[in-house]
Every structure is written in C-alpha cells, then in structure tokens.
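Structures follow.
You will see two complexes here that share subunit A, one where it goes with subunit B and one where it goes with subunit C.
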Partner chain A sequence: MGFVGNTLAIVKKDLLLELRAKEAISIMVFLSLLLLVVFNLSVEIDTENVSRLAPGILWVVFAFSGILGMGRTSLSERDDEAYLNIYFSSVTMESFYLAKVISNLLFLLLMEVFTIISFVVLFDYERLILALPALTLPLVLGSFGFSVVGTLFSFLSTGSRFGEIILPFLFLPVVVPILLGGVSSTDIILNGSTGDTPAKWLKILLVFDLLYLCISLILFRYIIEE
Partner chain B sequence: MKKERITKILLALVLVMLPVNFYLIFQVAPTERIMGDVQRIFYLHVSLAVSAYIGFGVLFVSSIIFLIKKNLYWDTIAFSAGEVGLMFSTLVLITGSFWARPVWNVWWTWDPRLVTMLILWFIYIGYFMLRKSIPERMKKARYSAIIGILGFLDVPVVRLATKWWRSIHPRLSKEGGGLDPLMIKVMLFSLFTFVVFTIIVILFRFRVAWAEERLYSILNEMEEYHE
Partner chain C sequence: MLRLLDISKTYSMRPVLRGVELELKDGEAFVLFGHNGAGKSTLLKIAAGLMSPNTGRVEITTESHSRGGIFYIGHRNGLYNELTVMENIRFFQDISRNRNGKFPLREILLEFGLWQRRNDPVKQLSQGMKRRLSLMKGFISGADILLLDEPFSGLDVRWKEIILERLRGLKKKGVALLMVTHLIKEGLSVADRIGLLENGVLTFQCKKEEITEEEIKEMLRGGVCR
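Showing the complex of A and B:
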C-alpha cells in the first residue's frame, strides 16, 4: 500500500473504532450541548441579539468541545502504546499523522453540525439552518485548522505528566487566527455587515491551514521518536 | 577563553550603558507636549518589546537546530532565551498598561500589537508548562522545541488576523506622527542598550542552565556506575 492507501486504512480504523466505542464523539457532542445550555443560562439571549451572539458562542463551543474530543482520540493511541505498532510497521509517520487529522476533522464536523442543530432548537434561531450552505466553507477550513493543530498538540499533551489538562493552554493561543477567522466570517454570513465579504477571512483560514499542515507534517515524527 | 572575554566586554558595556540610558530618558529627552512625562515610558516599552522578540526568536532558531542536531546544548539555549523573552514580554505588557491608562484612558485595548504580544505571552506560558510536565530530559526538549517553532510562526498570522479584526471596529487612538529628532536619538540608544542587555541576560542564564545540565549528566553517570 502506498501513502494514500495507508492513510485511508488508518482513517478507516479510527472510524470503525469510534463507531464501536463512541468515545470522542460522545465527549464532543455532550460537552457542546452542555456548553450551549450554560451559555443560555448565563447570557441573556433573545431574538434581538441572538444573531449577533451566535458566531462567538458557536466557535467557542467548537474550540472547547473539539480540543477535548481530540485529546481523547490521541489517548486511545497512547493506551497500550498502540501507536508503536504503527511506528514499527511500514507506515510512515506522515501518513499516520494525516490520517489522524482526517479522522479528527470528520469528528469535529459531525460535532459542529450537531451543535448548530442544537443551537437552532435551544435559541430558536432558524436562520442558522438556512445559512448552513454558506457556512460550509468556513466550517470546513476552520475545523481543518483545529484538527491540524489539535492532533499534533494532543499527542504532545498525552505524552506529558499533566495529560489533557495542558492541551487548552497549548491549543487556544495558537488557534487565535482560526477563531477570529471563523467568528468573523460567520458573522458576515449571518449579519451581512456592509460591504464586507467572508473571502478575506477564508483566505486567512486557508493560509493558517496550509502553513500549519506543512510544519506539522515535518514536526510530527519528533513526537513519536521514543 | 575568547568567549569569556567577549562576555566581560559586553557586561562592562551594558553596565555603563544602562545608567546612561536612564539619564537620557529622564533628563535629556524632551517632554512630550500632549502626553507629558508619561511618554518617557515609551523608550523602555519599545526596547523591552524588541528584547522580548529577540528572546523568542533565539528560542525559535535554537529549537530548530536542536531537532536537527539532537544536542541538549541547543535546548538549553532555547529555554534560557525563552525565559528571558517571557520576562521581557511580561514587562512590555505592564509598561504598556501604565502608559495606556493616562494616554488612552484605558488599562487595556484590543489593538493588534497588544493582542499579538498577549497571545505570544500565553504561548510561551504553555511552553514552560509543557516543559514542567515532562520528566524525561530528551522528550522534554523535543516536545518543547515543537511548541517553540509553532508558537513563533503564529506571530505574523495572529498579527494579520487581529489587524483585520480590529479594522471592523473603531480605532481608539492613532499614534502621533513626527517625533522630535532628540527623541529618536534617545530611542535608538535605548534600543541598542536593551539589545546588548538582552544578549547578556540570555548568556548568563544559559551559563547557569548549562552548568546544571552538565552536573545532572555527571550525577546520572555516577548513579549508573554504582548500579
């Protein structure tokens, strides 16, 4: 099997594992639901201000639920040092990393769709569903960036004594451009501020994604090298 | 012993320059017309910011060299420079706040420059947290080098993103244009002083850290020998 074949095989393995154990997905989905409820209880949200608050709330929920879920998926590789089997196989570390990024991306997107549906129900904001086609691109680009950084950092954190506690400290400052890009493009799509298009924000998301993908592909091998 | 001599010369230089620098800032530089004496903090503030970036830059470069050479010497340089960078960036944020209160009438504003420095500060807090949480020496060095590289590369992207983000909102204040020539001279002197000062501090921090490193490796060898 070549690079693509190996990568897809690991993605398939992760999806199968998740389908049976449902660990990462249940963490992400329930946490996002819980966070939405907490937001609803702590911030006065009504039909007047919901469209203004929605982008910020959504992306904060995506970031927090996402990072905890990604911590879980790398922990399952650390359990019984399962990743060492891959290390000693013919699979390159690059394709292992890429596979993890893809499977984390899929989990993130699933969680995000669920969060958006819950948001519509809890906050009575149907415009969000109608805007979903336009939101696809920011969601995919933003989640890809989250996944690229989150996958790398979750392997760092699960190798440390503090475990997943340290993950938000590493993850959140670095993904600030994604948060800004995601929130701003969502805001423009939902509220259509004058003369602004989401294009420039999508550009920043794309630049971030490509930059960090390249660097992470180079750096990932240094984490596993025991 | 050539290194020793350069260190001594640099130290002597900085010991003379620091008091001169303060004299220039507080006595020679003209008082700003609108801001008054509080503007003098600027000479320190800007120099501290440059010093912080030097620290993080050295961390970035030596992290890369460490991953290539796998020599703990480079990791020791990296975290020594990182500590110095973190110290200076903390001072940048504090002095900036002192200046902003009387001039902008706020302790903090979400200006791109401020946000970038704050985000960077958080990244390096994470860097040292990660170091603290890994007992194995080589692993600690490898993992933190990854943060050192990724964190520094974030600077231009964060800067650009916060710039665009701010452009949506009204700007709080625009900085003044023309500076008095004497002010520029004092500023340049202050910058130069702090560059030398930063190099010296990193060098001294490194010497202590490297001595510790060698001590531990000797102790480890002794333990292995007794076993």
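Showing the complex of A and C:
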C-alpha cells in the first residue's frame, strides 16, 4: 500500500470514527450556528449591507468553528494512546500528518456547506447559493490552509494541560494571511471590485497553503516525538 | 538484538534510571521485576524509542527487517473505543509492517475469545477483552522485538495461560521479549532471564534456572540480595 495506502487507511478510520462519535462535526456545526445567530442579533444586517458583511462573517465563523473541530481529531489519537499503533507501524509521520489534514479538510468543508446554508436562511441572502460554484476554489484553498495549520497546532496543544484553550491562540494569528485571502476573494466574488479579480488572492492563498504545508511536514515529526 | 547501554534518566532532578545495561538476544525473553516507581516502565519506553534517555543509548539490530522492528504494548490498550473490534484490527492490519503476511483474523479472534464480539464497539468490551485485543495487535504485528508493560493486567487465569502460550510460541519464532510484570509466576513461566530493578538501578540479573519464585519474592520484600 505504501504512502498513499497508509494515508487513505487513516482517513478512512477517521471518517468511520467521526461517523460513530459525531464529535468534530457536531461541535463545528453547533458553534457555527451559534455564531451566526449572535451576528444576526448583534449586527444590523439588511438587504443593503448583507453582501458587504457576508465575507467577513462567514470566514470568522469558519475559523472559530473549524479550530474546535480540528482539536477533536487529534484527541481521538491521544485517547488510550491509540497513536502508538501508528508510531510502531509502517506509517511515516508525513503520511500520518497528511491523513489528518485530509480528514480535517473534509470536516471543515462539511461545516462550511452547513454554515453557508444557515447564512442564506438566517440572513435571507440567496445570492450566496448562486455564487457557490465561484466560491468553491477560495473555500477549498482557505480550508486547506486552516487544516494544515490547525492539524499541526492541535497535536501540539493536546500534549498540554490547557490544550483546547491554547489552540485558538496559536492558530488564529498564524492563519491571518489565509483569513485575509479568503475574505478578500469571497468579497470580490460576491460584490465585484473595480479592476480586481479573485485570482490575486487565490494565488496568495495557494502560496501560504504550500508554505505552511512544507513547514508543518518538517515540524510534525518533532511534535509527535515530544 | 536489543542493547541498552548505560541508560540514565532524570525527571525534574530526580534520577529514575541510573546506568542500566541490558542485552536481549533474538528469541529470548527478559522479564523485569521491581517495585512500583522503580523505573521499569520508563526503561521500556526508552527501549521503545518513546522517550529519550539523558545518557546512554539504545542499539537495535534485527536479522529480518522485513518482519518489522519493535512493537510496544503499554499500560493503555491503544484502541479506538468508538470502532468495533473488527474495525480496530483491520485498521491495524492495514497499517501494520506485517500487512503482507497472512493473518487468519477469524482464527486469531476465535483464539482470543473475541470473534463473537467482533461487531461490537470496543467501548462495550470488558477491561480483559480490551487487553486481549491490545495484545493481539502485538502478536500479529510481525515485530522482531516485543516490549510488554504489565501484559496480564485485567486478564483472568485462563487468558493468562493462553497469552503465555502465545508468548512462548513467539519466542520459538525468534521474537525477543522484554516484559515488565508484577506477576512473578507468570513472568518466570515465559522468561529466559530475569532482572530486578531497584530505584532505577538494575541490581540483579540471572538466568531463570538460577532463581526460584520464592527468592524473587524475598528480594522484592527487601530481603537477601544475591
């Protein structure tokens, strides 16, 4: 099976675990709904300004809900020291890390679809559904970046007593470029912009995704060994 | 072959292991006895590469790398509690170094008394069943060196016998065993050599034939040290 086979075996196991426990998805979906309701009640949003506010609200919800869910997937390995199966197997740490990134990415995308549908319902903003094909690339690139950074930090923080508290403090400052790229490209797609295209921001997202991926692949081994 | 050379370990200024030297040949079983807190588990973790010693080193040379290197079974069982018995073992099989070897899973699960419970989530199993499943992973891992920390915890007399028989079978196949246990009789029934760890120092080691169960008990009570 090798690298790809091992990676897929771990992803399959993570999906099966999530299907049974429903921990990551339920936490993410619940928080995203909660945040949208809070925004709905606290910010004066009408048909005039919803288009302008939507990108910011959506990406803030993605970031905060996502980080909670990503913490759960690393905890499933820490519980009962299950990660030792992987440590003493043929799986390389790079394969382990990539599998976790893919699992987290799938959970994030699921949460984002739910968040978008909830946003449309709560804010009566149907244009978001129509723009969904164009938003796919920013969503995938942004979520991949979140997953790359979130997976690394979730393993770093689960070793600590205050892991779940530390995680957002580590995660949020590092994902600022991804947040910026996601918000800007979404804004251009939803509102248009004078002479600006999403391509510039998508390139920035791609560069940061690859940069964070390379750094994380190097650091992950040391985090696990610690 | 596993060699521990001049291993020392300190936890926050408190020495846990002091200059431990130990050699384990292929097909040999070394059983380590000692009081709680003597450093037995720490020594096993260092041998497994899960912990770094402050001084000294671990040398591992295995004749057949194809069967894999080391497998460690600690106090925890390393199981995914939400997955079923079969899903746990299949996942382990998928990522195992020995995945090309043929595991007759049905026979092994029958032998370990888990076939009837194969579709039950691990969280519904008793402690003894979980332990058996955990040990099963070690037996099918294809490792050349098996490190076992209190392998009999939670097992009744019948299952201890079956596990001991399995361990003796592994020895015949050339697998080296380094085991930590408080159960002297069971330890002696599988050991080729035994050692006594006291306050981080390997104070005594000999061949199994050179010592009796009573003498070990006496030594552990703090009596005559031969």
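Everything below uses one rule, namely that the second predicted complex is superposed on the first by the 225 of 226 C-alpha atoms of A that agree within 3 Å, B and C clash if a C-alpha of one lies under 4 Å from a C-alpha of the other, contacts with A are read in each partner's own complex, and residues count from 1 in each chain.
To be clear about the criterion, a contact is a pair of C-beta atoms (placed from the backbone, for glycine too) under 8 Å apart; a residue touches a chain by one contact, two chains touch by 3 or more.
The shown structure was predicted, so the numbers you read here are calculated from the model rather than taken from an experiment.
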- Message: Between subunit B and subunit C, whom does A:Asn85 touch in the aligned arrangement: first, second, both, or neither?
- Response: second
- Message: Going by the contact rule set out at the top, does A:Val207 touch subunit B (first), subunit C (second), both, or neither?
- Response: first
- Message: According to the stated criteria, A:Leu180 is in contact with first (subunit B), second (subunit C), both, or neither; which is it?
- Response: first
- Show which residues of subunit A lie in contact with subunit B when the two form their complex. 149, 152, 156-157, 159-162, 166, 169-170, 172-174, 176-177, 180-181, 184, 193, 196, 200-201, 204, 207-208, 211-212, 215-216, 219, 222-223, 225-226
- Item | In the complex with subunit A, residue positions of subunit C that touch it | 48, 50, 68, 70-72, 74, 76-83, 87, 91-92, 94-97, 99, 121, 137, 141, 143
- Mind pulling up the subunit A residues that touch subunit C in the complex? 1, 5-6, 9-10, 12-13, 16-17, 20-21, 76, 79-82, 84-91
- Item | Complex interface listing, subunit B residues touching subunit A | 67, 115, 119-120, 122-123, 125-126, 129-130, 132-135, 139, 142-143, 145-147, 149-151, 153-154, 157-158, 160-162, 164-165, 168
